[in-house]
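Quick notes on the structure that follows.
Which chain is which? They are A, B, C and D, in the order written, and residues in each are numbered from 1.
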Amino acid sequence: MNTTGTLFRVSIFGESHGVNVGAVIDGIPAGVPLCEEDFASDLDRRRSGARGTTPRKESDTPHIVSGLFEGHTTGAPMTVLFDNENTRSGDYSALVCHPRPGHSDFVAGVKYGGHNDYRGGGHFSGRITLGLVAAGVVAKKMLATCGVTVSAEVTEIGGERERRLFPVVIERALKECDSIGGIVECRASGVPVGWGEPFFDSVESRLSHLLFSIPAVRGVEFGDGFASASQRGSVHNDRLSDAAGHTFTNHAGGINGGITNGGDILFRIAVKPTSSIATPQMTYNFETGKVEPLVVKGRHDACIALRVPVIAEAVTAVALADLMLVARAYGL
Amino acid sequence: MNTTGTLFRVSIFGESHGVNVGAVIDGIPAGVPLCEEDFASDLDRRRSGARGTTPRKESDTPHIVSGLFEGHTTGAPMTVLFDNENTRSGDYSALVCHPRPGHSDFVAGVKYGGHNDYRGGGHFSGRITLGLVAAGVVAKKMLATCGVTVSAEVTEIGGERERRLFPVVIERALKECDSIGGIVECRASGVPVGWGEPFFDSVESRLSHLLFSIPAVRGVEFGDGFASASQRGSVHNDRLSDAAGHTFTNHAGGINGGITNGGDILFRIAVKPTSSIATPQMTYNFETGKVEPLVVKGRHDACIALRVPVIAEAVTAVALADLMLVARAYGL
Amino acid sequence: MNTTGTLFRVSIFGESHGVNVGAVIDGIPAGVPLCEEDFASDLDRRRSGARGTTPRKESDTPHIVSGLFEGHTTGAPMTVLFDNENTRSGDYSALVCHPRPGHSDFVAGVKYGGHNDYRGGGHFSGRITLGLVAAGVVAKKMLATCGVTVSAEVTEIGGERERRLFPVVIERALKECDSIGGIVECRASGVPVGWGEPFFDSVESRLSHLLFSIPAVRGVEFGDGFASASQRGSVHNDRLSDAAGHTFTNHAGGINGGITNGGDILFRIAVKPTSSIATPQMTYNFETGKVEPLVVKGRHDACIALRVPVIAEAVTAVALADLMLVARAYGL
Amino acid sequence: MNTTGTLFRVSIFGESHGVNVGAVIDGIPAGVPLCEEDFASDLDRRRSGARGTTPRKESDTPHIVSGLFEGHTTGAPMTVLFDNENTRSGDYSALVCHPRPGHSDFVAGVKYGGHNDYRGGGHFSGRITLGLVAAGVVAKKMLATCGVTVSAEVTEIGGERERRLFPVVIERALKECDSIGGIVECRASGVPVGWGEPFFDSVESRLSHLLFSIPAVRGVEFGDGFASASQRGSVHNDRLSDAAGHTFTNHAGGINGGITNGGDILFRIAVKPTSSIATPQMTYNFETGKVEPLVVKGRHDACIALRVPVIAEAVTAVALADLMLVARAYGL
């Protein structure tokens, strides 16, 4: 549901136009040094601003209301709150009868019997990822204590891999009142051998579980991923080069049998184009009973992939911090 | 670890060369008609036999030792056992010092301090998927009561999409003492609107979690998947065509906002080439302290993708049966 | 840890002297009518005020910051916050070196490496139960939809069972700068046959798990409880009187084989005397290295049992609401 | 349901008259030395034999079919099977229409729609505790590595505390075709400070959860338990005597704030008299629609409390082994 993890546990809550969004982060070891400023960098990366992201502006100041004492985590659950400030509920009310294609409007209405908060996507809004980013900051601090770092970046937009051409691709989509998808690559370095709990809690299982909870993610591949379906074993197999378990290559993405092998964990995420577009779309109107054009108003990201890297890092760190604690329980 | 699910819960156990492999399946509704013959078809599909699969032959007879009474499930946990009959432990003992590239040998040795049962891959063997297939048979029975069916097939081998050329591709790999990867496509039909429990238990999250626990899976994509990263929103968005929520297209793979939308759930799985190949591979030998050629003996699948469809169906059915029960708790 | 439940899930957080205490309540069915006023009655019962309860006064106003829309639950997690207003941190700082007997001071210091927020008991404070009471209010609303009610009361204080003598017993303890224990009885009526999920999730297991998480609880017994250890089966067995499953007696406390039998669920809770007393206690001082007298300052309840009934009701409702949802998943 | 634990996880299965009962034990650290003989002592204590226990005789030989290799645990799940040999199904078939008072017959019939295996109590039979005892043996081995031992004994039968008079009390009950209850006391020694995960996973919560899943348990109290409800704080509080955290007394039962304090964990369990008695009981007959005398045939324990100690030890060890692993994750 809205909680994840075995020992390091994150619960998220909030709606786009409610009072607060946030997270309760449980299972943090006591004594991790932390302050609200530590959240600034990742929250800033998540915040919109670049061309192609929503014009909705929020200060996104984290309020830590529990679990922190004299600059350190206490061992008790840490709750981080964010205020929703810049809400414009008027933008959304018509979408109940004329649900936006590609969005959760219709399915959420059916699932929750019409009681879901539909304003701004409600609990399905990208704002819910603020809690994830906050949890990611804490998880990164935990991972840093054993030398693990996580980083992600956009490597492709609309099929274009040349980074300097990204603005051109986005501008073109914006001009045509459309949106565009992209690819995000993520790397976790410094992970020791032995994390991951097969059968069901393989590293890939845990990571993909959280990655696919990020709105707009359509695909996840580790190491050579889909390309490995065309490969021979003689090419794909990573051969060990020394007693530490290093390998000459990293086709596996740093994972064997669901367990980290000491190499970098590498994976790619396919992000679909934003559902909300200003171009008229012919779709069913429950009020009129007809298929009619819908123009989605409101403030949207043209290329949501731009905002995914810091969220991908966050959930990766959350998953790895949990697997780290489990590994420690067994002396690793 | 080795248990998955919220209400419909599957625990698997066993090693390649141990006494039994199997599963404990808990949370099955009482009164589902079932007998050991119901397992035959899927177990037969999982069993090797086709050119390109291992010559190890097992009868794979399911022994239901609990949870079944007078031809129906009882509401108590069902335990299904399979005997390991055709084991040849001598094949594997050398691999402790000279771990097979691409396999779990090295990481399992580190993680379990050398106490893991390394014979035939031990708990990492493909034989562990017998329990999954058994659980899948039960899950499919549960899904059938509300009209849901699951089917998967190999759609690509070694980059070749022409089905009649698959044997050629496999034969070539075999001849060169090599292995080859493939793509498996899976479809779940008849799923009603409203299954899936976002934020963290989106349908994609639950499915990918189990799919990535299947050995050799390197990538999972839903609907248009990685192709959607190059698409525009105006193309990708599935527009509603009627009051039932049908859509003109299915780029999303039957899921919006992590919740089923009534369309077919569609996804593709990238399966890497089998790690075990007879071609000599230069890899580290812990005994000699040198990088030396290793020839993997034993009996192996040249194209493990051939055996994945029934396992992919099984875990898909397991995940959906669990989400079905959760949905029912809320009146869906 | 700080989350409980299978489908109806409650996560609590906060410290006595932090910014907020509260709860995230997940898995609430959408469409339950609810407003902040609905919390008033139970919060008022939990609040101190009676002779024998702490003079610390808090308004305990619930702030619902997510999961509520137009007077109904949305299906998304509901977060309820309470402010800590009347905190006096100066009272507690000396207790780090001279831990209070019977309190968590010493063990929490060891467990959390001295990083726990020791002010007012921190996360071990009775204030943490505010989140439980809030969750209990929601759970009671859910249970009310199928006619289930929960009620608890103090039936014994310091061995005295005559209710009109309770104030006398408490006054005597107060006068002697001491505290006193008590017994709370709880009853859940209207529960249908069939709730509870043996083997491990028997109704007693689930209830006792939550009851023993309430600070100061030392014992829990169902039906005839400890008295049944002296009984004969011919006395203890509840015989069925009709086709609905009614019984002539209720020695079992409404539960057979871990499953509700349609009778009232009945149990008793032993509450120890408050640990914090103003009488000097000879206990180890880590600063001086000697056993020395400690006088616990601050504001305390002389008879904490007085505040337990509404909390016992809350956790009972939380456990039953969860079992209700699970039972529904199976058509009960 | 039928699985318990966070890291050390036990799943049990089986019915009284099915093929096998047993357990899957997951999360055992690799490298624990273990053989089937290690189970003999506790299985023997669980087995009937003494006057007052059922005449059903079973060899109760443990078959370890996975998770063990060369005399050590492997890190993979260990499955232990027991055969049901001495079954007499004819004894029980009449009970479907005329359910035994105090037994699960009626509620199980309703809950599972009549599909439960009613023979010998099915999944509600005491035989299911074989899996628990097996898991307890493994847990005790794990605890022994850090010096923790668990022991339990019957301290009271039918109100009689004089041990040499127990046979007299039992004989009297047997002669009158009746059954009798008892009290079991349990002690865990050597537990270090800091185990237990409040708020919801206090040591008492975890222990009581499992203890109340044992059939026939009606009450659980820690330390002074129900007696503490009559005590003053000045009496009940355990004062620290030295820097190691030792206390002069142990009224708390070795636990403060839900966390172990280094003292012995002490608790008492109330066991009701066996439901199955040969004395005629007037109870509802669903076939005739009348309240009629029922004489329960079959083989039963007159004093089930006699068989509880080893089971209480087992679940205590299971709970503590899990909390030990969690504590280790945090460096304790």
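Convention: contacts are C-beta pairs under 8 Å (C-beta built on N, C-alpha and C of every residue); 3 or more make two chains touch, one makes a residue touch a chain.
For clarity, every value in this text was computed on a predicted model and none was experimentally measured.
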Query = Among all the other chains, which ones are in touch with both chain B and chain C?
reply = A, D
Touching chain A and also chain D, the following chains = B, C
Key: Chain centre separation (chain A, chain C; CA means) in Å   = 37
Key: Interchain centroid distance [CA atoms averaged], chain C/chain D, Å   = 25
Remark   = Within chain A, the set of residues that touch 2 or more other chains is 1-3, 7, 12, 30, 75, 108, 111, 123, 330
Query = Within the complex, which stretch of chain D touches chain C?
reply = 1-4, 12, 99, 101-104, 106-108, 110-111, 123-124, 128, 156, 158-159, 173, 176, 178-183, 193-194, 197-202, 204-206, 208-213, 215, 217-243, 245, 247, 252-253, 256-261, 270-277, 279, 281-284, 286, 289, 291, 305, 330, 332
Inquiry  = For the complex, give me every residue of chain D touching chain A.
reply    = 6-7, 29-30, 75, 325-326, 328-331
Inquiry  = So in the complex, the part of chain A that touches chain C is made up of which residues?
reply    = 1-3, 7, 9, 11-15, 18-22, 24, 26-27, 30-31, 63-67, 69-70, 72-79, 81, 108, 111-113, 115-117, 122-123
